[in-house]
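These notes open a run of structures that come right after.
Look at the two complexes coming up: subunit A is in both, with subunit B in one and subunit C in the other.
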Partner chain A sequence: MDAGLLAQFVANGLMLGMMYALVAVGFTLFFGVLDVIKFSHGDVLTVGTFAGFSTFLGLKAIGVANPWVQVAAVMLIACGAMAILGALIARYLVMPLKGAPALNVLLITLMLGTVLRESVRLFFPDGANPKPFPKLLPTDALALGSFTLRLDSAILFVAGLAVIVAIHLLINRTKLGLAIRAVAQDEETAKIMGINFTLIVLATFALGSAVAAFAGVMNGLYYNEINFGMGLLLGVIGFSAAIIGGLGNIYGAILGGFLFAALQTVGAVALPFASAYKDVFAFAVVIVLMTIWPTGLIAEKTSERV
Partner chain B sequence: MAPVPSSISPSDTAWPAFVAIAAATLFTVVFMWAETEAHVFAVIAAGAACAWAARRFGVYARAARIFAAREQVLDWGAIAGMLMLLAAFHEEHFPLLMTATVLLYIVACLGLNIQFGYAGVLNFAAAAFFGVGGYTAAVLVRHTAIPHPIVLLIGGAMAALIGLFLVLPVLRTRGHYSAVITIAFAILFRTFLEVNDTLGGPQGLKLPALQVFGWNFNRNFEIAGIGLSFYVNYVLLALALAAVAFALTRRLERSWIGLTLDAVRLDETAAACFGVHLARWKALSFTFGNFMIGVAGAVYALMLGFIAPSNFTFGDSLIMVSIILLGGIGNPWGVVLASAIVVVLPEKLQLIQEYRFILYATMVILVLLFRPEGLLPRRLRVYFPGWSPSPK
Partner chain C sequence: MNLIRTTLAALAAAAVMTGVAPGAAEAAKQKVKVVFIGPLTGGVSVNGLGGRNSADLAVKLRNADPKAKYEYEMVVLDDECKPNIGVQVATKAASDKAIIVGVTHYCSVVAISTVDTYNKFELPVVVWGAVLPEITYGHTYKEINRINGTMIDQNAVNAKFSVGQGFKKFAVIHDTTDYGKGHNKYFSENLVKNGGQILGTFGVTADQQDFNAELTKIKSLNAEALYFGGLTPIGVRVRSQMDKLGIKAHFIGTSGIMSDAFIEGLGPLAEGALAFREGAPVDKLPGGKFFTEKYTAAKYGEAPEAYGPFAFAAMTLVLDTIEKVGPDRKKVRDELRKTKDRDSIVGPITFDDHGQNTVAAITKYVVQDKKWVVWEDSEYASGKRKLAN
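This part shows the complex of A and B:
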């Protein structure tokens, strides 16, 4: 295999990894503050992408043609709407079950995910079929031998990186981030210190869901096609990535996201059997990894109290 | 969990129990008969009104007391009710197909119940194990001359065997980490089926008729001049399987094994301190549950005569989990009731067929929020006749 083709695969893998990492960060954030898995995360991503798509259709209808304005509006509305949806889910479905077994929260959010997914399928006009997502970013390509770098991919990758850096700064450098970390470490002590627990939880869910919407729109812009089931697989992969990395650890989630993308790419390229088996291979490796490191590569630091 | 009203006073007669069974059978028959949506809704409304009246006038409580004290009345009553249902629909293909499907779902969900409800082992890949059973049966029936009853058992064994590959990861991980193992497997399995050409890919496989000792299950037959639909065969087979599965589950629950599994689920640390081998019991219940799911899947595949990957999606696994939850975790009768509701309702209401996933999902969310113990909550164990855990 020549270097150009290899670079192409690496570039695709990095792009996938960025999306997975963004989804995984959401899972790990939620787990950090509430110790719950919000499984509807992937479907929130779908709803966010469709919200972005609707925004695009709306802008086109009122005659806004500048692609940069369109991208900005699509991102803004998708992220904003999902931030609100995420906070609502936290307030009315996840927080009421705070004392219940963890399984119940997992189930209720799984089912909510189904409701969201089916709602998109049934109630979005012709929602059962894939929709062409517009190419809003410049598609100029830079050719280096057999390796082509498309400008839109580069922009998306840099934007994704910026989001990750922004989350890192938010968590580590701001007062809100400090509060989130405090709640994640010890809810009761955080409350005693005067932190508004409910507000922080809602803010965290809003943040995670907005990031998911970002990843969804990114996915749409990259593949130029969206469908109602896109979030299910992305959600499961994001969850697996967060788990491989170790729940509650943001850097673990990012690592897990890129690792999963690497597995898929390797599965598609380097293995002897057909590339159609790439997901089978990736999930099989996830199961093996979980067997070797049952609490993820960067293990959770909390110990169980009896 | 509500304490069991386990004592029956001499003044109690058995009639409320028989009335309850007869009424439930009658309701099911009429419900299955109803053709238009208006009729179906009318039947549901009438049934709800009767149920309310029964509760209001104490018939329900008395029937429940009798059932709790002498469960055989309910067991045999349910079987008699099923046979009456069979008699009522002996010529109709579709209601019989539905009945058999419900019974097979009961078998599969009882298996899931052992994993989920007793040992507390999460399994979000029930439909995948169902599919393992189905595909094993399909391959064996198409390519080998193994007698079909043995094929059904091999279907279950294969599901158990594939489950064994997951035992180690499932045992080593806990909680959320363990959930991801089975979810990953569910998705892996479906993707594998879709891309594997020898297993038919997305188009699936066709199966020939089930034959037991030369008896072809796919042929209509006559007894004493009365024509019977060939689905009668499958309903009887499924009923036998369901009865065996139910009896097994009940025995298991009541035995010291059930007690051990309860301990494992409720408090691992305490159970381990009392010398319970956690890994052994979890592995055992996971394997046994998968076996039951696999057998049900094998019969299901042979009954339909055709299987495809779209029968065994992650969504279907979730439906099975919903059945356990709706019915009340750990209660076999809950599984029976919830399977019937979840399988039959969308078939009768074509209007909601399209909306079934969203409907169940909403139903489970509501149950979790407002009645987390399910429709028929599991009761506390009764160790001695007349003993009640909290004096009231």
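This part shows the complex of A and C:
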């Protein structure tokens, strides 16, 4: 295998990993503050992407043609709307069940996910069909031998990286981040210290959902196609990534996302049997990893098993 | 009997026209239910909706015909192109004794999984779009007939034609359902027979989003053409991701990508894509103009798509059969199987002993200026344009 080809595989895997990581971060944030698994996360991503798509259609209708303005507006509205949706889900579905067994939250969000997904299918005009997502980023390509780097992919990757760095700074350098960490570590003590618990939980859910919407729009811009079921598999993979990384640890989730993408790429490329088994391979390795490190690669200091 | 009905109908009509209250309720025709099943939601729903509209058109035309003995009601069910849903709706239709006959399925995976259901509940059906050979040849059920051809013939023509165009080294991407696997099998066999070569075969799941890993590998194989055995949604994804990776291989598909949705989803990228479908193109048949005119006049929201004419012909055929033998499942089943040289808008229909319509002609299509154009009429065939490679 020549270097160009290897670079191509790495580039593909990195893009995929970035999307998985962004979804996984949401799962891990929610688990961190409330010890819950929110299974509607993938479908929030879908709704966010469709919100972004609707924004684009709206802008086109009123005659805004500058692609940069369009990208900015699509991202802003998708992330903003999902932040609100995420906070609403937390306030009215997850928090009322705080004292109940964790299984209840898992089930209720699983059902909410189905409601969101089917709503997109039924109520978005012609929602059952895949929609061509517009190419809003420059599509220039740089070809180095057998390696083709597209400018739009590079921009998306850098933007994803920026989001991860921003989350890192937010968690570690701001008062809000400190409060999130405090709540994650010990809810009671955090409350005693005067932290507004409800507000922090809502903020965390808003943050996680906005990041999911970002990942969704990124997915749309990268593949130029969206459909109502796109969040389903992304949700499952994001969740697995969060688990192998160590649920509750943001860096673990990011690591898990990239690891899963790497496994899929290896599964499709390096294994002698048909690429149809790449998901089987990736999930099988995840199972093995989980038996070896039940609490994930980077475990929380006080770990809880799932 | 017929005469009395006609007379009564005429009297009723006269009564209405002269302003007399129509008291001739006994003139109402007996209602007969038929079922249409296809994918009305999901990725291939464009084809399902086109088929539904076409079948609906056949029923409407029949109901408008004063000579028809019965009044038909078409029950429409959605199989979502999923085998489990398909079996559910097939059971629902077949267990409703008021339903006499069905025009069923676009997706091969669904059609093959429902044959046992139709046989068990003795509901005669005519398949209108699925191309897997086993749907008719995999069993000896008398209930199952098919109006469109199988994938064997189209792949034989495809392989021979492609090699003739200078594409010898192929990479193959197919979905791992029976449908995609069948296409892969028949195409690969025929390609080798014609002196071509398969450099690599990649099975992908039917809802896969990312094909970069497979395509990067294909790029390294330096294939001259990529054969895609699958349906429109992933066909669109594969083609657009090929472009992003700068793969120059020519895109050659099956009847599964022959839809306007393929062209809409890809825009200019669709140009030059090849596909193959059994039967002559509708606008070249004597009845084709009739169909297109009526379809346009009915103002449906969706285009009939590639298999709409087959759905129309299938529905017309089953209604003819009911007219002839009456609304009785067993009689309809036996009569359908006897269909021979019956004129239809897709050409003469003859069912063999497996209920398979013996259509020999395969038509080659190429995308030219955002339209599926018959190869022989295209600027590619005349040499004005060249298939890029």
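Criterion: the second predicted complex is superposed on the first by the 302 of 306 C-alpha atoms of A that agree within 3 Å, B and C clash if a C-alpha of one lies under 4 Å from a C-alpha of the other, contacts with A are read in each partner's own complex, and residues count from 1 in each chain.
Throughout what follows, contacts are C-beta pairs under 8 Å (C-beta built on N, C-alpha and C of every residue); 3 or more make two chains touch, one makes a residue touch a chain.
These numbers come from a predicted model, not from an experiment.
Chemist: In the superposed arrangement, which partner chain does A:Thr148 touch: subunit B (first), subunit C (second), both, or neither?
Modeler: A:Thr148 sits against subunit C, while subunit B stays out of touch.
Chemist: With both complexes superposed on chain A, which partner does A:Leu97 reach: first (subunit B), second (subunit C), both or neither?
Modeler: First partner only.
Chemist: Applying the touch criterion given at the start, work out whether A:Phe9 contacts subunit B, subunit C, both or neither, answering first, second, both or neither.
Modeler: In the superposed model, A:Phe9 contacts subunit C only, not subunit B.
Chemist: Considering only the touch criterion stated at the top, classify A:Thr114 as touching first (subunit B), second (subunit C), both, or neither.
Modeler: In the superposition, A:Thr114 touches subunit B alone.
Chemist: Have a look at where A:Asp279 lands relative to subunit B and subunit C in the superposition and call it first, second, both or neither.
Modeler: Both: A:Asp279 reaches subunit B and subunit C.
Chemist: Regarding the shared-chain residue A:Leu106, is it in contact with subunit B (first), subunit C (second), both, or neither?
Modeler: In the superposed model, A:Leu106 contacts subunit B only, not subunit C.
Chemist: Go through the superposed model and pick first if A:Leu233 touches only subunit B, second if only subunit C, both, or neither.
Modeler: After superposition on chain A, A:Leu233 lies in contact with both partners, subunit B and subunit C.
Chemist: Taking the superposition as given, does A:Pro130 touch the first partner, subunit B, the second, subunit C, both, or neither?
Modeler: Second partner only.
Chemist: Return the residues of subunit A at which the contacts from subunit B and from subunit C coincide.
Modeler: Common to the two interfaces on subunit A: residues 233, 274, 276, 279.
Chemist: Going by the contact rule set out above, which residues of subunit A touch subunit B in the complex?
Modeler: 31, 37, 93, 96-97, 100, 102-104, 106-108, 110-112, 114-115, 118-119, 122, 232-233, 236, 239-240, 243, 247, 274, 276-277, 279-280, 283-284, 286-288, 290-291, 294-296, 306
Chemist: Touching subunit A in the complex: which residues of subunit B?
Modeler: So the residues of subunit B in touch with subunit A come to 122, 166, 168-169, 172-177, 179-181, 183-185, 187-188, 191-192, 195, 269, 314-315, 318, 321-322, 325, 354-355, 357-358, 360-362, 364-365, 368-369, 372.
Chemist: What residues on subunit C touch subunit A, complex-wise?
Modeler: Residues of subunit C touching subunit A: 40-43, 45-46, 176, 201-205, 207, 209-210, 212-214, 216-217, 219-220, 233, 236-237, 240-241, 244-246, 261, 264-265, 267.
Chemist: Write out the stretch or stretches of subunit A touching subunit C in their complex.
Modeler: Checking each residue of subunit A against subunit C gives 1-2, 5, 8-9, 12-13, 15-16, 121, 128-130, 132, 141, 143, 146, 148, 150, 153, 219, 223-225, 227, 229-230, 233, 264-265, 268-269, 274-276, 278-279.
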